[in-house]
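First subunit A sits with subunit B, and in the next complex the same chain sits with subunit C.
Right, the complex of A and B next:
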C-alpha cells in the first residue's frame, strides 16, 4: 500500500462519513429531544435523492437548484407525516411509534417502487473533473460533498447552539415539562426539530445521489448504520453523531484497502460494537 | 386572581386530589400547608397544567376578565401569567444561567429595553445571579439554583407565582433571604401561592393559608388566626404549642 492509496481512502471515508453524519444528526435530534425513534428516517434520505432526480427530469436545469427544491419537498412530506400519522401516536409507548414509523417507511419505499420502478436511477456528477494537489488527484465532486455537507452540518449546529429555537430544543431535551411550564409551545419546537432532521436527511440523499445512484431501498441500506452512529455519538448529542458518522465512513473506506466491501462493513460493525462496550453512553457522554 | 374549584386529580388509578377549593386574590401571598403527600405539590402542578384535572375548574383572572384554563396546555397558562417554581427547582443543567433565563423570555415579544429591564429587575432581587450568567445551571449551589428558578419566572412578568418548597434543602440564612424575596414580590403586587414544609416560616410571610389533608383543603384562614388555632395546626401539621412559642 502506498501513502497515496491511504490518502485517497481517507478522503473517500470523509465523503461517506459526511453523508452518514447528515442522516445520523437528524435521528439523534429526534430521538434525543423528542424521545421519538423514527424508523422511516432512511426514507427521507431516499426521497431527497429521488427529489433531486425528479427535479432534473422535469427540467430544472441545475443540480444546485434541484437540491434545495428536493429538500423543501422532503421537509413538506416529513412535516405532513408528522401531522397526520405520527402526532396522534406521539405519546404512546415506544413500540407503537417504532412499528408505525417502520410502516411509514415501508409505504414510502413501496410507493417509490410503484411510481418510479425498481431500476436504479442515475444523475450526472454536477461537478466534474479532478482536483490536483501535488501528486494527489481527487474527484472534485467528492470534495464538494465534503465541503457542502460540513458547512450545512456546522450551520445547523450553530442554529442549535445560538438561536432561540436552539435553546428551546436543548431545554426540551433536558426537561420537557419545565420548558412548557415556562411558556414555550413544545409541540412547535418538535415541528422545528422534525423539519430540521428531515432537511438534513434530504441533503444527505441529494448529495449522495450522483455518487451512489438512486434506488427505493437506499434508505433502508444506511439506516441501521446510522442508528449505530447515533448510539456511538451519544443519544441526542449532535456533535457526537457527526463525529460518529465520519468515524464510520473512515473505517469502511480505509478497511476497503485490504478487505472486500462486505468485510469492511463487518469491520465497521465490529468497531462500533467495541466502542459501545467501552463507552455505552457514547463518545461524548453528557454534553449536549 | 386564581380560583380553583372542586379539583380532582388522578395519577393513573390512584385518586390524589379529592376536590380542592382555593382562591388567591390579586397580590396576595397565600400558603398551602400540610404534611408530606397530602397533595400540595400536585395542586400546584395541576394549576400550571403539568398534571391533568379529571374534574373541577381552574380559573385565572387576566386583563380581559376571568379565563377558564382547566384544559389549556401549560405554555398557554404561562403566557397568561402563571409562573411555576417547582420543588426541585428543575434548572436546565446543561444550559447556562443566561440561557435558563432566555427559555421563557425569548417567548415574549419585548423591545430590547423592556427585556433589559426585566433582567435588571431579577438581578436586583438576586444580585448573586448577575455574576454567574455564563456558568451552566448544574454547577450552581442549591441557593443559587433556587434564585435562578424564581428569576426564570420573574422575568416573564407573571401575575401569580406558584412556589413549591422554596426553602427545601437551604441553609437557614438562605431560607431567610428566599422568604424575604417572597415578601418583596408580594409587595410588588405579584400574587403568590406558596407550598411550604416549614409551616411556621410560611405563616410569617403569608396573609392567608389553606391547610390540606388527604387530598382536600380541610381548614383555611388568615395567618394570624391559624397561628392562634393550635388544635388545627397540631392536627394537620403536627406543630405544637411549644413550636409556635419558640418561633420568632
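Right, the complex of A and C next:
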C-alpha cells in the first residue's frame, strides 16, 4: 500500500461519511424530538435515489433539477405516511412505532421492487472530470457530494439552532407538555422535524445514486451503518451523528483497502462496541 | 363484582377448563387425520411456537424490546448444522454447539446493549441482528449463503428403541417437537414464578424501583436474554430438523419483527398466548407463501395493521367482539 492509496481512501471516506451523516442525522433528529425510532428511514434514502432516477427517465434533463424534485417527492411521501400511519399512534410506546415504521419500510421496499423490478439502475455521474488534488487526481463528483452534503447538513443544523422553529424544536425535545402549554404548535413542529429528516435522507440517497447504483434493498443495506453512526454520535445528538458519520465513512473507506465490504461493516461495528465500553453515553456526551 | 359478572367469570373458567384439554387432544390427534404436508407445517408451527415462547420471556415478562431474537433462533440452527456438516461432529454435540453458540451470542448482545438504556437497547439489537444477517449472507463457505445447508439427518435415536424420524410429514417429528414445546412451557412457567422471574417482572413494572431495591437490573436483562436465547436456539434446531435444512431466512431481522407481532397478538407475558398466535400466524404465512410471491409485502402490511388496529392482540379483539371484558389472566 502506498500513501497515495491511503489518501485516496481518506477522501472517499469523507464522501461516504457525508452520505451516512445525511441519513443518521434524520434518525437522530426524529428520536431526539419525537421519541420514536424510524425503521423505515433507509427506505426514504432509497426513495430519494429512485426519485432522481425516475425524474431523469421521464425527461428532467439535469441531475441538479432532478435532485430537488426527488427530495420534494420523498418529503411528500414521508409527510403522507406521518399523517396517515404515525399520527394515530403518536402517543403509543416505542414498540408500536418501531413495528409500524418497519411495516411501512417493508411495504415501500416491496412496492418499489414490484414496480421497478429487482435489477439495479444506474445514472451517469452528473459531474465528470477529475480535479488535481495534491499528488493525485480525484473524481470531481465526489468533491461535489462532500461540499453539497456538508452545506446542507450545516444549513439544517443552523435551522435547528437559530430559527423560530429551531427554538420550538429544541423546546419540544426538552419538555413536550410544557412547550405545548406555552402555545407552541407541537404537532406542526413534529411535521417540520419529520419533513426535515425525510429531506436529509432523500438528499443522501440522491447524492449516493450516481456513486453506488440504485436498487430496492439499498435502504436496508445502509441502515446498519446508519444506526451504528447514530449510536456512536449519541442518540438524539445532531452534531454527534455528523461526526459519527464521517468517522464510520473513514473506517469503511480505509478498511476497504484490506477488507471485504461485510468485513468493513464489522470493523465499523467494532468501533461502536469499543466506544460503547469507553463512552457509553455517546461520543460527545459530557463534552458538550 | 355483580352476580352477572361472577356468572360470566365462572363461565370463562369453565370454558377454559374445557378448552384446554380439547385443544391438547386435537393437537395430539392432528397428525392422524391431516395430510403429511400439513403435519410438516404443523411441526414447523410448533417449533415457531417455542421460538415465540422464548421471546415472551424477553418482551412479555421482562419488558425488553429486542430485535435480535431471530438471530439467536437462526444461530442455534446454524450451530447445529455447521457442527454436523462442516466440523463433522455427531448429532447431540452439534445440538449443544448450536445452543451454546446462541447463548454466547445472546450474552454478547446483552452485554453491549444493556450499556445503553431504552431506545439505545433496541437500536443495539437491531445493529447486531443486521450484522449477523450480513455475515451469514456473505460467509458462504460456512453458511451456504442463499442455498443454506442441507442437514441430512433423517433419524435421531432418543432412547434405545425410541427413534424420531425427521422426514417430511413424519408423525414422530411432530410429537418430538410438541413434547419439547410442552417441556419449554412448563419450564417457562416455573421460571416466571421463581424469584428470578419475580425480579424480571419487577424490572418490567418499574426498572428504577427494581434497581433501587438492589437488583442488578443489567445482569438480569443479560441473563434472561441468554436463557431465552438458549430456548430460541432449541426452537431453531427443531425447526431446521423438521425442514431438513438451514437458511439465512431463519436469522433475518424480518423474523425478529414477526415474533414481536406474534407476541403482541397473543398477549405479552401470557406465555401460552404468543405460542398460539405464532402457530396461527406462521400457518397463515405458510399459506400466503404458497399462493403469492408478495408475502413479504403481506408481512409488512400485517405488521402495520396489527399496530394500528389490534394493539391489544387477539384477546383484545375477542373482548371487543363479545362486547365485554374477559376475565384478566394471571
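By definition in this document, the second predicted complex is superposed on the first by the 284 of 288 C-alpha atoms of A that agree within 3 Å, B and C clash if a C-alpha of one lies under 4 Å from a C-alpha of the other, contacts with A are read in each partner's own complex, and residues count from 1 in each chain.
Criterion: a contact is a pair of C-beta atoms (placed from the backbone, for glycine too) under 8 Å apart; a residue touches a chain by one contact, two chains touch by 3 or more.
Remember, predicted model here, so these are calculated numbers, not experimental data.
Once the structures are superposed on A, label A:94 by its partner contacts, choosing first (subunit B), second (subunit C), both or neither.
A:94: touches subunit C, not subunit B.
Return the chain, subunit B or subunit C, that is in touch with more residues of subunit A.
C
Determine, under the contact definition given at the top, whether A:167 touches first (subunit B), second (subunit C), both, or neither.
After superposition on chain A, A:167 lies in contact with subunit B alone.
Let me test your reading of the model: by the given contact rule, A:186 touches which partner, first (subunit B), second (subunit C), both or neither?
In the superposed model, A:186 contacts subunit B only, not subunit C.
Looking at A:114 after the superposition, I want to know if it touches subunit B, subunit C, both of them or none. Which is it: first, second, both, neither?
Touch status of A:114: second partner only.
Once chain A of both complexes is superposed, is A:175 in touch with subunit B (first), subunit C (second), both, or neither?
After superposing on A, A:175 lies in contact with subunit B but is clear of subunit C.
Pick one for A:10: touches subunit B only (first), subunit C only (second), both, or neither.
neither
Thinking of the overlay built on chain A, is A:265 touched by subunit B (first), by subunit C (second), by both, or by neither?
Second partner only.
Contact-wise, after the overlay, does A:131 reach subunit B, subunit C, both or neither (first, second, both, neither)?
Neither partner.
Residues of subunit C touching subunit A in their complex?
Within the complex, subunit C contacts subunit A at residues 59, 65, 67, 112, 115-116, 118-120, 122-124, 126-127, 130-131, 134-135, 137-139, 254, 257, 260-261, 264, 294, 296-297, 299-308, 311.
Which residues of subunit B touch subunit A once you look at their complex with the stated criterion?
48-50, 73-75, 78-79, 84, 86, 90, 92-95, 99, 102-104, 106-108, 152-153, 156
For subunit A, which residues are in contact with subunit C within the complex?
Where subunit A meets subunit C, its residues are 31, 35, 37, 39, 85, 88-89, 92, 94-96, 98-100, 102-107, 109-111, 114, 223-224, 227-228, 230-231, 235, 260-262, 265-266, 269, 272-273, 276-277, 280.
Write out the stretch or stretches of subunit A touching subunit B in their complex.
Where subunit A meets subunit B, its residues are 164, 167-168, 170-171, 174-175, 177-186, 286-288.
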